[in-house]
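Shared between the two complexes below is chain A, which has chain B as its partner in the first and chain C in the second.
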Partner chain A sequence: MSRLAVPKTYKLYIGGAFPRSESGRTYEVLAADGSFLANAALASRKDARDAVVAARAAVSGWSGATAYNRGQVLYRIAELLEGRRAQFVAEIEETEGVTRAAASAQVDEAIDRWVWYAGWADKFAQVAGNANPVAGPYFNISVPEPTGVVAIVVPQDSSLLGFVSAVAPALVAGNSVVAVASERFPLSAISLAEVLATSDVPKGVVNVLTGSPAEIAPWLASHADVNALDLVGAGALDWVSLEIDAADTLKRVLRPESGPDAAAPALGRIAAFTETKTVWHTKSLR
Partner chain B sequence: MSFLDYAPAPESRAILSLRDSYGLFIDGEFVDGRGEPFQTISPATEERIAMIANANAADVDAAVAAARRAYDRTWSKMSGRDRGKYLFRIARLVQERARELAVAESLDNGKPIKESRDVDVPLVAAWFFYYAGWADKLDHAGLGANPRSLGVAAQVIPWNFPLLMLAWKIAPALAAGNTVVLKPAETTPLTALIFAEILQQAELPAGVVNIITGAGDTGAALVGHEGVDKVAFTGSTGVGRAIAKQVAGTDKKVTLELGGKAANIVFDDAPIDQAIEGIVNGIFFNQGHVCCAGSRLLVQENIHDEVVDRLKSRLSTLRLGDPLDKNTDIGAINSREQLERIRALSDIGVAEGAERWTAPCDIPENGFWYAPTIFTGVQTSSRIAREEIFGPVLSVLTFRTPAEAIAKANNTPYGLSAGIWTDKGSRILAVADQLRAGVIWANTFNRFDPASPFGGYKESGYGREGGRHGLGAYLSPAPIGQSSASRGALGAASTAAIEADAPAPAKRSRVAKPARTAKTTTKGSKR
Partner chain C sequence: MSGTSLVSARERAIAVLGGEPDDATLRRYLHGIAGVDAVGLEQRAAGLGTRSIKTSSKQWALDRIIELIDLTTLEGADTPGKVRSLVAKAVNPDPSDASTPRVAAVCVYGDMVPYAIEALGGAHGDPDDGLISVAAVATAFPSGRASLDIKLADTAEAVAAGADEIDMVIDRGAFLAGRYGLVFDQIAAVKEACRRPDGTSASLKVILETGELVTYDNVRRASWLSILAGGDFIKTSTGKVAPAATLPVTLLMLEVVRDWHLATGQRIGVKPAGGIRSSKDAIKYLVTVAETVGEEWLQPHLFRFGASSLLNDVLLQRQKIASGHYSGADYVTID
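Presenting the complex of A and B:
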């Protein structure tokens, strides 16, 4: 006798909790064949603002953690994801309508990217910073520091890999993130949030909004407490207006990318959300 | 007669051989501008120095076209070694003509000759010398092997360090292989035009550097020009914001060095003699016309009275007057407009309840002057604690604990610089970690060096100038598949991601832009 399945309610992920949208709205997520999969939360302006508040509150703890610690926390995400491979493969197969092999490849790649970026956490500053030989009796050193709160419109044509590729590099240096998931494929992002919630990632470091990027992104682009805006997955939106909105508070902006290599692993993605701080100190025997 | 009364010791103007009028420097030649010429005056006397050409949109077109030709035909094809040699030549010519440049700078800008002679011009030479050596070593700039120049750089600079800002912009741009169209500030074009003569002496190929003079509309036309690949701007946050909007939706890379409201934090164990000198240097250097000026003094409460008394006594010895006099400490305010802004904000300080103290000094009859001023009893909410005054005006606030000092220092949308004064090394490093600012000076202030990256957090802009980081702002990583093993982009914030030694990459493409597509379709030979 076949067993009746227990379907999951997909909600938002804000400040380490899984609330429904405060607006009470949901939208239907359909499988590739058009059949009903789930009602995902349709996030509102208020949800976006709540997510920014949670992200801001998380900045000092996450950026203040040692780089070694951040590396271990990011690596642990890969460990947990590995243990839940089957769940993600099945979810991707269903939502994207791809073969098991393709879904497996996507999950493998996502796990490997967490591992790659985890390894950068305690090395990036060595590569991006340096001592400066100034002409005078001064100790002078430049180091990269996290920018703060990064809002990301993740790649829209991928369930898991696009999300990981955009979110992981922003976390390496100690930023916290508000990510707008793929509108069509939002389920893996929320399942990943469950991984994050049960890993060692502090609450608020990653916040996930599902719904309409066209509706949510303008509120994030114009939010004065957001420091940087990654438009990697915003190519189909009016992203020029988003970049213009972001200029009001001089946010750091990454422009859209497309194709299979959107948000490909790169040191530049870590660097884009850091600020170089240069400290001078006098030298003296007295 | 007090010990402070010295005989006048003016630097001679005879070293200058100025023309009555200057044209635009386009494609290696001085040409007439098509806009209405304007005069540049000495802010110390209000006398005309020379007439200056005014570039209109057609002139901007011509300058950008010249830069593009020079990029395509000459500069992008030249070896890094030869580009470096041109930059070394320029550095040497600046040193040879250093006194002339210093006199011209003080005349046109109003800053004391001892600053233009001992700070501005030596740093200009140092900047070219430093970046000259980078030109054939770009593989080590931090972007992987074979990084690419960007093309034509549009550079708009302010009036506070006219020639130094020119060097900060031109030296890394040329070292990286870009060509340049630079617009000096309307009130301080003189040294840029003498610099153009130096480029002729250096036999720099025509069109590699073009210098066009004019006002804000000339700058806007240059920044918005579709033939430009890179925009570098130093100036106010307001204009920087407008530029960020103007370039949105284009492929232009941007670096912005904008305003500041730096906190200079003095703990009660600070080396007090050095701290007093550092506070004075921090806010009264260059009449306070410094984006990274230490305009907010945060002093620990128990030493507030002592520090303020000693500051007043020190400021009473500063000599205000003729910028060309070698004994002058405080020169002229650069323009009437700036003087009025300083006056207006100071009056607001009084109206908001702060106590104003002004150093006793004679103000010359002509020209624009503002005596060194201290405000005490300043509230964090006061406009003189929040807004950039860009003049010789210091706002004094107090704190009790390090945590309070950090909170107050960071309580600003700006984040360019900060100072820390204490004898305790561990406290310096801990406080420096917590300050959200791009340059931190510990037991010193307002130090600059071509090897040291400079630039802001938050609304003080993005990108760095100086050092290896400053070079990266004029480069992009090699296209995928054309770089070697060591990769990684450490450039400005607006770079697109590049590939790395990581899983996956193959080919990438930018999404076609909605709306503004037309703007970027006619770039022809770009990249």
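Presenting the complex of A and C:
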């Protein structure tokens, strides 16, 4: 006798909890062959609003943690990912319809990338910051500081790697994130959220919305309490008008990328969501 | 604003009670009031909280909430500067939108009243005229643990400084010990101290501090007691004790006010204070008021919110409606 199937309903990840969409809507996630895989929440604008509130509340704690501590917390996520790699491999195989080897390679690369960014947490400020030369008995020091809440439309054609490539760099500097997952491949993003929920990442630092980026992104782009907008996966959307919306509240914006090198690991992705703070301090004249 | 006259309040109390308001008479009367159905009360409050208020109704509600706010700062660290910035916010809550109404009053400690009045200038007056009243907490706020003389001096000083409204605390210790006569006499005496030399009187809000009264029955008795003794308003809490205002407690107090109005024709105000931080919660209170005592109570002389952070949330909601996109804390003042 076969067991009764227990299909999973994937929920949102907001403020450290897994709520259903406020709207009660769901949509079917299909496998590559068109068969039913799972139900996922179809987030509404109010879910996006709640996610921004949660992210805003998390900014002071996460950005106030020491860079070393943030690095440790991020590295710990890579450890947890490693422990659940079988689940991620199976999910990617099913949703993307790729071979086990290709799915394994994607998980490996996602974990490696996460480790790479984690390592930058306590090294980034040394590289991006500077002691500026000035004509006087002063220190003049520039340091990168997190910009605040970053809304991200993650790459849409990848389940895990795209999500990691877009979310990890925003976290490194101390931002909190509202990520709109891939509409077609949302399962890995929510599974990753389950990893985050059991890691040391404070609640609200990462929030994951599943559903239609075309529906949610404009609300995030125009939201006055969002400080930056990463449109890396928004190539198929009307991203120019999103950029225009974002300009109204002077958000930092990263434009869409496509191709195999989309969201490739780079210091620039960390620097994009920082503000440079420059301070003067008197030098001792002996 | 002028309150009810003391003589008529006392006479009415004697008529209602059937005797002098001493411990025994009040005890007989207050304990004769039917007990509160706690489950039913909470269910009713929860039911009223589920109403969906949208679009133009919501817009109306948000503006009305602002008009009903007692913008409050009651910190040990209050300075004249803090009071001035509070007043600036009360007069012009949202500088980016001139259509924003003003709040009903500012609520401060008694010694801050002169600074509030000076800062208000021409904006000081009756909320019915679009002006802003000054409310002062008195009678050894928030604990109420002081002798009657000190409480009266505290009150008289605030009234002399120009306060339009006095928020007094009842002696919860005496109430819980069953000394209802003492509580009655203190409220009546403070009411007398609210009188100004010209014969008018500052409006008296009586704070029950429902969080310390433990049971709904006690809240109902304290509400009756405060109204009998001459309070113009009954107020839930000081904001210094948790739980502060809750919807069931406010509903219960509104029911007492409704019953009093039916019995005597006199309208008493209600002021939930403390813990109301979101527009969504505040709208639930508006619904509760309208459904319990009627929409005519939704005016500054009969209903107030004691709040500080609520105003910012209402302003964010107004900005959302006006602009079509979500606003953020960077677009309202910090305090």
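Basically, the second predicted complex is superposed on the first by the 277 of 286 C-alpha atoms of A that agree within 3 Å, B and C clash if a C-alpha of one lies under 4 Å from a C-alpha of the other, contacts with A are read in each partner's own complex, and residues count from 1 in each chain.
Assume contacts are C-beta pairs under 8 Å (C-beta built on N, C-alpha and C of every residue); 3 or more make two chains touch, one makes a residue touch a chain.
Source: prediction; values computed, not measured.
In the superposition on chain A, contact of A:Ala32 is made with neither chain B nor chain C. By the document's definition of touching, of the two partners only chain C reaches A:Arg49; chain B does not. Once chain A of one complex is fitted onto chain A of the other, the partner contacts of A:Asp261 are limited to chain B, with no touch recorded for chain C. In the superposition on chain A, A:His223 makes contact with chain C only, not with chain B. In the superposition on chain A, A:Glu243 contacts chain B only, with no contact to chain C.
Of the two partner chains, neither chain B nor chain C is touched by A:Val98.
In the superposed model, A:Val134 lies in contact with chain B only, and not with chain C.
Of the two partners chain B and chain C, more chain A residues are in touch with B.
Within the superposed three-chain model, A:Leu80 lies out of touch with both chain B and chain C [touch as defined at top]. Shared contact residues on chain A (touching chain B in one structure, chain C in the other): 248. Of all residues in chain C, those touching chain A in their complex are 319, 324-331.
Looking at the complex, you find that chain B touches chain A at residues 126, 142, 237, 240-241, 244-245, 248-249, 256, 258, 413, 415, 428, 432, 437-444, 447, 449, 451-455, 457-459, 461-462, 464, 467-469, 477, 480, 487-491, 493-500, 502-516. Considering their complex, residues 49, 52, 56, 219, 222-226, 245, 248 of chain A touch chain C. Residues 109, 112-113, 116, 127-128, 130, 132-136, 138, 140, 142, 147, 227-228, 232, 235-236, 238-241, 243-244, 246-250, 252-269, 271-273, 275-282 of chain A are the ones that touch chain B when the two sit in their complex.
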